[in-house]
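Each structure below is given as C-alpha cells.
Both complexes below contain chain A, partnered by chain B and then by chain C.
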Partner chain A sequence: MAGAACALYAARAGLEVRVVDRGPVAGGTTGAGEGNVLVSDKEPGPELRLALLSARLWAGLAEELGAAIEYEPKGGLVVASTPGALAALRDFAARQRSAGVTAIPVADNQLTDFEPYLAPGMAGGVHYPQDAQVMPALAAAHLLRASGARSHPGHTVTGVLRTAGGTVYGVRTDRGDIHAPAVVNAAGVWGGDLAALAGTRLPVLPRRGFVLVTEPLPRRVRHKVYAADYVADVASDSAGLRASPVVEGTAAGPVLIGATRERVGFDRSLSLRAVRALAAGAVGLFPFLGRVRALRTYAGFRPYLPDHLPAIGPDPRAPGLFHACGHEGAGIGLAPATGLLIARALTGRAPEFDLTPFRPERFGT
Partner chain B sequence: MTERPRLAVVGAGPAGLAAALTAAAQGVRVLLVDAAEQAGGQLYRQPAAGAGPHRPRAPHHGRRTWERLRTGLDRHRAAGRITHLTDHHVWCVAGEYGSAGFTVYALRGPGQEEGVTVRADAVVLATGGYERVLPFPGWTLPGVVTAGGAQAMLKGQLVLPGRTAVVAGTGPLLLPVAAGLAAAGARVAALVESAGPAELARRAPALAAQPGKLAEGAGYAARLLRHGVRVLTRHTVLAAHGAERLEAVTVAALDRTGRPYPGTARRVRCDTLAVGHGLLPHTDLAEALGCALSGTAVRVDAEQRTDVPGVWAAGETTGVGGAALALAEGHIAGHSAAARLYGTVPDPRRWAAADRARTRARAFAAALDAVYAPPSGWADRLPDETVVCRCEEVTAGRVREAVGTLGAGDARTVKLLTRAGMGWCQGRMCGPAVAGLTGCPLDPGRRPFARPVPLGVLAELPDTE
Partner chain C sequence: MNPLEPTRARPGPDATATFDGMPLRALPGQTVAAALWAAGVTAWRGTRGTGEPRGVFCGIGVCFDCLLVVNGRPNQRACLVPVRPGDVIRTQRGTGRDDD
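Up next is the complex of A and B:
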C-alpha cells in the first residue's frame, strides 16, 4: 500500500516510476489488513498530523477512483464501558480536538442512535466522523494502476546498487538490475532487510495481528466501533497479547473484527487464544454477534519501529535512498500522506510539515 | 502412563474406521469423531433413520467390507474401547501448548451452535475429500447437482433427485452415480465423460493391475447397458439451459486436444444434471496443525505419519484413491499410532498385506488421475458472464480483469481483488475454477476454520493453549 501510494504521488510529481515487488500486488501486510483510515486512535503529535492529511487525501482519491476501492467515510465510534474509562476518553478527545480532530461526545442514552445493536450499559462514547475505511488490496491495486508506473511483480530485490561514494543508483533484482537516481524503501515489515541491503539500518520489527471475518450480514454495525482500552494499547510497549478489537461492517457484508497485537516474530500459525480474545471483545460490544459465524481468520505482520512512528524521508547515510515504511497497524490509513511527502522529498520540494520525527536515521547505527 | 493412551480419529469413513478398529484392537482408547449421525462416511453412507418404505433401491458398495467394519465398531464400542462421537463437526485441531497432546474442537447440535472439545494424545486425520466441480454456463440453475450430492441423496435420504437425468464431468464416480440413478428409477438420458477410451487404453497396464476395480467398473457399465443409458466418452456438457430451473443441456464431442468439435453440439432434455470432476482432499485441519502438504494432499510417510509429531493422516486427505486405499492407509495408521502411543517402534511386517494393497491402489489412483483430467482449455472457453464463485457472485470476467488489468498472478491475489473464495464455502467450490482462469496450479488454500464457527463459541473457548 505504501509503495503504491509513493508510486502514484511520485508519478504525479512528474517522475518515471518502477515498482518492484517480490510478490504480487498487496501480497504482504496490505493483503492481511483491515483497511483502517483512523484519526480516532491517535494522540496529538506527528502521527496524528500525518493521519489528518491522509484522511483528506483518501477522500480525494475515493472521488477519483470511484467505488473500486470501497472507500466508506463511515466514521468511528469509541465507547467506554465504565465512567472511569469514559472520563479518560473524553479527556483524550478534548486534546485531539485542539489538534484538529472532529470528536463529538456521545451520551450513554444516545449510543443506540449510532449503533442500535450495541450492548446495553455502556457509559458513553465519542464519535469521530473523520474515520473511514478502504478495501486495502483493491486500494493498492487501483492506486498502482492509476500511477501508470511500470510494475515488476515477482522480482526480488537482492541488492541496492551504490557508487564508490555511497550514492544509491538503483536495485539489483533476481531478474536484472534497475537503475534509478532514487530508491524508495516501501518494503513494509521487510523494510529493515532492504535497508540492510543498502548498508544502512532501520530496526523494523513484525507485530502479529489476527483479524476475524464473519459470514456476510445485512448492515448492522454502521461505524468502526471499538472499546476505549484500544487507545491505551496502540502506544503500549508491552509484549504479549493485546486484543482490542475494532468491530465494523463492510460494503461486502462480512463484519471484520481486529486486530490482536502480539510480538511473536513471523509466526503465522493459528492462535486460538488470539481468536478467542477477538471474539470475546466483539460479542462484548455487540451481543448479537454471539450467534454469527466466523468464516475465516488471517494473520498479518504489522511493521513497527521502536518509537511506533514510521520512517518517512531521505536516508542521509545512503544518499538516494528514501524510506516509507514502519507504519505498524496504520499503514493503509497513512499511505497517501506518506506517498505525498515522499514525492515532495524526491522532487526537492518543501514537505507539508516537519518530517523530523520520521527521520530514518533517528535510531542511530 | 497409568491411563490408556487416547487417540482421536477424525472422520468415520473407510480410513477412519480402519484406523479406529486397528488402534482399538491394540488397546488404545479411541475417540471416533464424525459429523454424521452414523458411521460410514460418504462411501458407506447409511440411509437416514425413518427413510420411507417406498424408497428406491439403494446402491451399496463393498457390502461385506462394510459389514465387517460395522460389526467391529459395534464390538469395540460395547467393550468401551471406542467412543463414537456422532454429530461432531470438527472445525479445528490444535496442539496443546507445552504438552504433546491435542484438542479437537467441534460443533454439535441441530444448528451446529454448541462448542465441544475432545482431548487426545494423538490424532488420525481421516477427513476424506470433497468434490471438484468446474463451472460452465448455467451451472448455478436449480436442478444442477454435484455427482456426489446426487449419490448422497440416493444413499442417505433415498430421494430420487429428478426424473430425467444427465450425469456429466469426468472420473470414476460418474459410473456408480449413473447406475444408481438408473436403478432408482430415473431415466438417465446420457453419461457424458470427457475422458476418451484411448486414454483409458494407454493406462491399461496400471489399471489392469487392479482387476477387482476393473470388474467393478465393468459391472457398472453392464448395469448402464441394461438400463439403456447412453455413454458418451470424450464428450462434455457445454452449457445448462432453463428459465427457472434446468430444462436441457448442450453436449458436444471433444477432439483429441480436449476442444469441442464444431458442429457436434446438441441439446439433451433433462431436469437433473449430476456433474463432477473428481475429488480433492480435505486438508484444512492438517494445514492448521502445520502439517506439510504435497500438492493438494497431506504428505505422509510409510507409516502414514504427517511431519507433525502425533498427527497421522489416512484416506482421501492424503491423496484421492478410493476405498481400498483408504482402508489400507487407515489400517497402517492405526497400527503405527497404537505402537507409538505405547512408546514402541511399530513393526511394518504387521501390516505387510495392507502395505501391498496401498502400493497397488496408489498406482491405480495415479493412472486414473491421468485418465480423468479435465479437458484442456476448459477455463479459456468459460464466457465472461459465467459466475465462478457462487457465494460472492464473482464472474469469470471479473477474475480475468483482476489478472489482466490489476496484475493478479496468483489465486490469493485474485481472491483479495475479487472476493472469489471469501464466502461461505471459503473457495472449496470455486478454487479450481479460479486457479484455471488465473493460469496457476490449484493451491489448497488456508482455512484455519474447517467450517464456520459462531463467535459465541470462539469467545468461550477453554484455555488449553
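Up next is the complex of A and C:
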C-alpha cells in the first residue's frame, strides 16, 4: 500500500516511476489487513499529524476512484465498559481534540443510537467521525493503476546499486538491473532486509496479527467499534498476546474481528488461543456475534520500528535511498500522506510538516 | 444405469426431508447437494447483491457458493451437510438472515 501511494504521488509530481515487487499486488501485509484509516487510536504527536493528513487525502482519492476501493467514511466508536475506563478515554479524547481530531463524547444511553446491537451496560464512549475504511487490496491495485507507473510484479530485488562514492543509482533484480537516481524502500515488514542490501540499517520487525471473518450478515455493525483498551494495546511494548477486539462490518457482508498483537517472528501457524481471545472479546461488545459462525481467519505481520513510528524520508547514509516503511498496523491509513511526503522529498520541495521524528537514521548504525 | 448396481451397494432406507416445502428423498449419508441434484434441482441460493442463482461450484466445502438454510440455520454448505430425516431445507436469499 505504501509503495502504491508513493508511486501515485511521485508520478503526479512529474517523475517517471517503476514499481518492483517480489510478489503480486497486495501480496504482503496490505492483503492481510482490515483497511483501517484511523485517527481515533492515535495520541497527539507526529503519527497523528500524519494520520490527519492521510484521512483527508483518502477522502479525496475516494472521490477520484469512486466505489472501486470500497471507501467508507463510517466513523469510529470507542466504548468503555467501566467508569474508570471512560474517564481515561474522555481525557485521551480531549487531548486529541486539541490536536485537531473530531471526538464527540457519547453518553451511555446514546450508545445504541450509534450501534443498536451493542452489549448493554457500557459506561459510555466517544464517536470519531474521521475514521474510515478501505478495502486494502483493491485500494493498492487502484492507486497503482492510477499512478500509470510501470509495474514489475514477481521481480525480486537482490541488490541496491551504489557508486564508489556510495550514491544509490538503482536496484538489481533477479531479472536485470533498473537504473534510477532515487530508490524508495516501501518493502514493509521486509524493509529492514532491503535497507541491508543498500548497506544501511533499519530495524523493522514483525508483529503478528490475526483477523477473524464471520459469515456474511445484514449490516448490523455500522462503525468501527472497539473497546478503550485497544489504544493501550497498540502502544504496548509487550511481546505477549494482546487481543482487544476491533469489530466492523464490510461492504461485502462479513464482519471482521481484529486484531491480535504478538511478537513471534514470521510464524504463520494458527494460534487457537489468539483467535479464541478475539472471538470472546467481540462477543463481549456485540452479544449477537455469539450466534454467528466464523468462516475463516487470516494472519499478517505488521512492520514495526522500536519507537512505533514509521521511517519516511531520505537516508543520509545512502544518498539516493528513501524509506517509506515501518507503519506497524496503520500502513493503509498512513499510506497517502507517506506517498505525498516522499514525493515532496524526491522533488526537493518542502514537506507538509517536520519529518524529523520519522528520520530513517534515528536508530543509529 | 443405477449407480448402486456396479458397487452392489445395499443402502438403508431413504431419508425424507423437505426442500422449500416439497418432499426430498435422500440415501443415508447423502449430502443435501447430491439429493437436490438427484431431484433435478441445480440452484438454491440467490446472491447478496443481485439475487443471481447459485448451486454447487467446488463441491468440496471450499467455495461457500452452495449455501442454503437447514432447519432455520443459514449458510450451511449443501455439499457437506448430510440429509437427515425430517430436515427442513430452504433456498437462501442474500445472507439468509433478513427474517431473523
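Everything below uses one rule, namely that the second predicted complex is superposed on the first by the 365 of 365 C-alpha atoms of A that agree within 3 Å, B and C clash if a C-alpha of one lies under 4 Å from a C-alpha of the other, contacts with A are read in each partner's own complex, and residues count from 1 in each chain.
As a convention for this text, contacts are C-beta pairs under 8 Å (C-beta built on N, C-alpha and C of every residue); 3 or more make two chains touch, one makes a residue touch a chain.
Worth saying up front: this structure is predicted, and the values here are computed from it rather than measured.
Chemist: Clash or fit: what happens to chain B and chain C when chain A is overlaid?
Modeler: clash
Chemist: Which partner, chain B or chain C, touches the larger number of chain A residues?
Modeler: After superposing on chain A, more of chain A is contacted by B.
Chemist: In the overlay, answer first, second, both or neither for which of chain B and chain C A:133 touches.
Modeler: neither
Chemist: State whether A:81 touches chain B only (first), chain C only (second), both chains, or neither.
Modeler: Once the two structures are laid over each other on A, A:81 reaches no partner at all.
Chemist: So, A:295: does it touch chain B (first), chain C (second), both, or neither?
Modeler: Both: A:295 reaches chain B and chain C.
Chemist: Between chain B and chain C, whom does A:217 touch in the aligned arrangement: first, second, both, or neither?
Modeler: second
Chemist: State whether A:276 touches chain B only (first), chain C only (second), both chains, or neither.
Modeler: A:276 contacts chain B only, not chain C.
Chemist: Where does A:144 make contact in the superposed view: on chain B (first), on chain C (second), on both, or on neither?
Modeler: First partner only, chain B.
Chemist: Which one of 332-340, 368-376 or 422-430 is the stretch of chain B that crashes into chain C?
Modeler: The listed stretch with clashing C-alpha atoms is 422-430.
Chemist: Residues on chain A in contact with chain B in one complex and with chain C in the other?
Modeler: Common to the two interfaces on chain A: residues 215-216, 252, 293, 295.
Chemist: Applying the document's contact rule, which stretches of chain B touch chain A when the two form their complex?
Modeler: Spelled out, the residues of chain B in touch with chain A are 92, 94, 105, 113, 288, 290, 392, 402, 405-410, 412-413, 416-417, 419, 422-424, 426, 446-449, 452-456, 458-461, 463-465.
Chemist: Quick one: in the complex, what on chain A touches chain B?
Modeler: Of all residues in chain A, those touching chain B are 24-27, 31, 137-138, 141-142, 144-145, 151, 153-154, 212-216, 252, 254, 257, 269-273, 275-276, 278-280, 282-283, 289-298.
Chemist: Name, in rising order, each residue of chain C that touches chain A in their complex.
Modeler: For chain C paired with chain A, touching residues are 48, 64, 74-75, 94-95, 97-98, 100.
Chemist: Would you mind writing out the residues of chain A in touch with chain C in their complex?
Modeler: Spelled out, the residues of chain A in touch with chain C are 215-218, 252-253, 293, 295.
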